[in-house]
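Two complexes follow with subunit A in common, the first pairing it with subunit B and the second with subunit C.
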Partner chain A sequence: MVAGDYRWKKIFRDVPNWLYLIPVFAFVGFFIYYGIGYTVYISLFEWNGISPDKTFIGIQHYLQLFRDSIFYLSVGHTFIFMVITIFTQMILGLLIALMLKSQVRLKAVYKVIFFLPTVMSQAVIAALFRQIFNAHDGELNRFLEAVGFDFLALSWLADPDIALYSIAVINIWEFTGFSFIMYFAALSVLDREVYEAAYIEGAGFFKTFIKITFPMLKSTHYSLIMLGVIGSLKTFDLVFLTTGGGPGRASELLSTYIYKKMIVEYNAGYASALCVIFLLLTLILTAIQLRAYKER
Partner chain B sequence: MYGLYSKRSAIISQIVLTVLAVLFATPLVIMFRVSLQGEGIQNYAAVLTHPLIPRFFLNSLIVSSSTVAIVFVSTLLSAYAFSKLNMPAKSVLYNAALVGLMIPAIALIVPLFLTIKNFGLLNHYFALIGPLSALIMPFTLVVCRNFFDEIPDSLLEAARVDGCNSFMAMLYIMIPLSKPIATVIIIWSFLQSWNEYLLGLIFMQEETMQIVTQAPQFFIGQYTQDTGKVFASLVLISLPVMVAYLLMQKFFEDSMTAGSVKG
Partner chain C sequence: MRGILRKTGLYVSVIALLLTACGGGNSDKGAGSSAGSNSTNGSGSSGASNAGSDVVTIEIWGWNPNEENGQIYVNAFNQSHTDIQIKYVQSEYNDYLNKLKLGMLTGEGPDLFGVQAGEMLVQYAEFMEDLTPYAEAAWGANWADRFYEFGLTQLQKNGKTQALPFFMSAAGYLWYNKTILDAHGLQPPATFEEWVQLSRQLNEKGVTPFIQGAKDSWVNFDMFIALANEISPGKIYEAEAGTVPWTDPDLVEAMRYWKRLFDEGIMQKGALGVSQYPDMHDKWAKGESVMILFGTWNNDHMTKETIERLKTTLGVKEDYQFMPLRFPDINGDGQPGRLFGGPDVGWAMNKNSKNKEAAWRVLEWLESEEAQQVHAKQLNVPGIKGIPLDDSNVMFEEQKEVLKWVLEDVDNMIGKREFLYPELKTALGDALQMVAAGQTSPEDALANVENVSRSISR
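And then the complex of A and B:
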């Protein structure tokens, strides 16, 4: 009993330490918790977000969502975009990081060139590439025509078959520098002795890479995949400002579809149902990520 | 090291890197060249003398610096408490604070849009500062707590023995040791808020309240056929962040890699 009393006293004594958490929970509470709750609530109504009367329709929006071909299309596009950008950025980033670790000159210059796009805003990048990828007077097609590859001068952003891939290329240009810097930092802390042992045993580059370098970068691969997944889910600016999800629905992502439902069509109820699916995906990813942070 | 010893591997690397670097630098070179199309350097003069340009920068600066300040203070306080103090339900609260770690603004667009509109906060700085702070904080909290966990508790205990309360101990012991993580928090939250586009698009509809990321669309509307001037605006908009990066390369790189999981 006495021990129990003591424990309660100690717990009570520590309660004021909650004060330190007030600012964080004020913001997180209002914007994240209230936001999530409100989204779930609104998803059960037919409502345009403005009129005073909303009609309760239960899970109708979710049933509608599972029959919505544009929903599946946008999820599919998001997935394709994710796979292409993540793996290309990882391969290029690792390649560049490794090459910069060999005895090359001008390291600092290369580093700046690869990393600069990462700090630029997507609003600028989108405007820039809309010009470069322009079918008529864009720099890419003018270059292709000048070197005699006229047949390759496509309508990069206006052709429904390739628009999504063109946007993926822009994304790769922007974020390869990020993958590179992550690998570069990770390579710098790898154990020197392991490599010396490999060298003494006469292992060449490829053998060293497969047996040592690649496996030892496991946590970086993991981080880049996680950040890439969430990055693709939240991709909005690039698509919105280049194709707007088009032509037609050719580059529609989950994010641009939600935007259209809410801001353009004022369909608050259905947009909320889409957001709930989106939030579920991000919360699953968060749980996985938090577990990884704890295991470190 | 890394199996790259021979002269040959250095030469191959040099060639491949050069090809890739040219490829990556080309869009930037194009951006600069097109910005001089037509009236040359006059394009810059036209954009710089546009009455709204200083306004866009000022708006972005207000939004970004307020966000940085809020994120910075909230992060330091909570990371300190989670790392160094006892409190009931600590791990539950920690996880609860991190729920927003991977939620992007677009997923909360319905409540954000409706509440901001109902509170009459359209075209108001707080419409951006509030959501940005809430969305950035979970990440900075994780990296800051991880940093604080590495600082030995014994330093704080010594201060406590000397009669410091927990707040003074934070002020005099933790804060002076926090310089590396402070720059990470500041650069990360500044980049995130400076480059935000979606929230500006939705909430800042009045011309005088728009932020720099809305400027390209604004100038495309202003100078429809004059690509040179549009691109001059792109260069001008990018310049501050690029210069900041060139001046503080190491800090930028550290901020970017701070979130990686070390296994």
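And then the complex of A and C:
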């Protein structure tokens, strides 16, 4: 057999591999990259999202965007929401996982209880918490008043100073179970011999946790941070169904702002520009995380 | 051999998959009710299709009436017509907006579609057939007299009739629970100061006087328009048109009255964090509050049927007597506030419909006495004049008396309810919430609205 024959044989042998990839490329190419390209294209037009006619205005939307105080407000809210929810969920999830790793009865029941909110519908959760957090006669304030803590009976979703944090609390309640399950699984596969060695060396619980458990869970930390960033950026339903981004934009996230521009104000061009900036922010955050993950 | 078979199977599967992806696909027109129709879904067609050789199916998209009520009209029409059948596709309002947008963009829209007055009419104008020639041919030169003025004029633009009003709705009634007020020996308020006083009395008795879902901008607009029209009738519409600044002293005064609702115990604590529907409506219907701001669309709460439904769905225990109250007098002229509103739903004809004549016949039927009687039975104000509301199902005699002046109030409306400019609506919505939350003063809030108003090209 000559060298050329060998090369053709290799190519034909690789063809099935490429055929396996074509559907994925087609799907990603159309739904993701074409969608991104079209959004960038629309961001250069004045368009209501319906009319066959569009007016080309170049980068005017981007210039307007960088002068838009609500844009900065919504980005700021998104980052505050992201930081609070990700790290609180991680801390609580890890604590619960550690507790259930110890000698606790009815572990299976607790696992279900903690994980259940994660699988509930956002619409149901929003309706539930609109009532619980209802300042007038919600269950939380009624309980606080009943135990003599009237001063803590706040307008959880109606006070602009705390509405965003109230939504963060709902999100933490909903997704701490996910962090818990991830940590619980990770703790299950840690090497027991390391703990035995530490025990022999006389290390107590806290030293073991700081020097052994926490560092060995690095992969889980990074995974939860990455998923948490994506989840926070995508958060829309919960805000839309509880405060709507109010009162007075106090809980406006970038996702809800884009919705309002696109659907409520029929401003598809400007909404597309917001989407492009949103994508860039997401890419920057992802790049930072990947770099941090590689450097470890 | 096995390897060759596997590779062959793989090649065939991939080719089949790619052909499927590139194929025409199903042009199903979406979820929602469809009843009594023989429709088929033609690829690339706009709405209507011919099931058999003679029957034309006219597709109607809307959010209101709901699926159950929509069935009434569909059945009535389809049973009385052999050459045309209706297919009604209903979606919830937000879903409907998305569906309609996509349908119009892709050329897969319906023959007839529901619209609201205001910004929706402006945005979809180029997809709407001018109905004036059809109306003239059907009802004569004076056809416009058939409709309530505010119902029709809000669906007309630049001399064209873009849609016809299906039924009317007007906001500006304070609905109250007379059963609870009577139990406490109290009367509904005739003036704003009486409203404040009544609220204090009810709060002292542990009864919630008034609730509002102030998270929802639309109900805040209703309240602000009611206040503004009481202080200076019609000025808010001049501000919308740009002929009067939003910082006009009368509008600032209206904003101060809005703030008083929160500061003086009328509005419940935490109003900005709850929705009007279903949250606050359900609480009011269960008797957990005395008053709420609604409009004529709430008339059915005076019927036995609705009270029974509330007992089943919400666990209401009593036959509450719900009554509408004209908005309290603020300007001291001794007259209550007037209603404001227009067409709750209008029906427009798609310019790209392939069966406009058949679509018009459906629309003509929807505006006939036969179809409009259905509204009257449900105590909705019909889109055409001369149809009295059917009080046969009303519970209390006092409520029957009230119905007599509801139609007069609708005929005497002061103005519209829907604004034309979405960015203005957003700015005013933000202003109302920020003033209510104490984040800004009435003057500064309206100054911001004025800035937005000036940026609009009218």
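Assume the second predicted complex is superposed on the first by the 260 of 296 C-alpha atoms of A that agree within 3 Å, B and C clash if a C-alpha of one lies under 4 Å from a C-alpha of the other, contacts with A are read in each partner's own complex, and residues count from 1 in each chain.
Basically, a contact is a pair of C-beta atoms (placed from the backbone, for glycine too) under 8 Å apart; a residue touches a chain by one contact, two chains touch by 3 or more.
All values derive from a computational prediction rather than experimental measurement.
Chemist: Does the subunit A-based superposition show subunit B and subunit C clashing or fitting?
Modeler: Clash - subunit B and subunit C, as placed by superposing on subunit A, overlap.
Chemist: Contacts for A:Pro23 in the overlay, against subunit B (first) and subunit C (second): which applies, first, second, both or neither?
Modeler: In the superposition, A:Pro23 touches subunit B and subunit C alike.
Chemist: Kindly classify A:Phe236 by the partners it touches after superposition: subunit B alone (first), subunit C alone (second), both, or neither?
Modeler: first
Chemist: Could you look at A:Asp68 and tell me whether it touches subunit B, subunit C, both or neither (first, second, both, neither)?
Modeler: So A:Asp68 meets neither subunit B nor subunit C here.
Chemist: Check the contacts made with subunit A and report whether subunit B or subunit C touches more of its residues.
Modeler: Comparing touch counts on subunit A for subunit B and subunit C gives B.
Chemist: Counting only touches as set out at the top, which of subunit B and subunit C does A:Gly248 meet: first, second, both, neither?
Modeler: In the superposed model, A:Gly248 contacts subunit C only, not subunit B.
Chemist: Report for A:Glu46: first if it touches subunit B alone, second if subunit C alone, otherwise both or neither.
Modeler: Touch partners of A:Glu46: none, neither subunit B nor subunit C.
Chemist: In the overlaid three-chain picture, which partner chain does A:Gln131 touch, first (subunit B) or second (subunit C), both, or neither?
Modeler: both
Chemist: Contacts for A:Ile263 in the overlay, against subunit B (first) and subunit C (second): which applies, first, second, both or neither?
Modeler: A:Ile263 sits against subunit B and subunit C alike.
Chemist: Scan A:Leu100 for contacts with subunit B and subunit C and give back first, second, both or neither.
Modeler: first
Chemist: Can you tell me which of the listed subunit B stretches (96-104, 114-122 or 240-248) runs into subunit C once everything is aligned on A?
Modeler: Superposition on chain A puts subunit C right on top of 114-122.
Chemist: Starting from the residues of subunit A touching subunit B, keep only those that also touch subunit C in the other complex, and list them.
Modeler: Touching subunit B and subunit C on subunit A: residues 20, 23, 49, 131, 263.
Chemist: Using the touch rule from the top, collect the residues of subunit A that touch subunit B in their complex.
Modeler: That would be residues 10-11, 14-15, 17-18, 20-21, 23-25, 27-28, 30-36, 38-39, 42, 49, 92, 95-96, 98-105, 109-124, 126-129, 131-132, 139, 173, 176-178, 181-182, 185-187, 190, 192, 195, 198-199, 203-209, 212-213, 218-220, 222-223, 226-227, 230, 233-234, 236-237, 240-241, 255, 258-259, 262-263, 268, 271-272, 275, 278-279, 282-283, 285-286, 289-290, 292-293, 295-296 of subunit A.
Chemist: Using the touch definition from the top, list the residues of subunit B that touch subunit A in their complex.
Modeler: Touching subunit A from subunit B are residues 1-5, 7, 9-10, 13-14, 16-17, 20-21, 24-25, 27-28, 30-31, 34, 70, 73-75, 77-78, 80-81, 85-88, 93, 95-115, 130-131, 133-135, 137-138, 141-142, 146, 166, 191, 194-195, 197-198, 201-202, 212-217, 220, 227, 230-231, 234, 237-238, 241-242, 244-246, 249, 252-253, 256-257, 259-263.
Chemist: What residues of subunit C sit close enough to touch subunit A in their complex?
Modeler: 7, 10-11, 14, 17-18, 21, 94, 97-98, 101, 104-105, 119, 123-124, 126-127, 208, 211, 214-217, 268-275, 279, 288, 422-423, 425-426, 430, 433-434, 436-437, 439-440
Chemist: Enumerate the contact residues on subunit A facing subunit C in the complex.
Modeler: Residue list for subunit A touching subunit C: 16, 19-20, 22-23, 26, 48-52, 130-131, 133-138, 155-160, 163, 242-244, 246-250, 260, 263-267.
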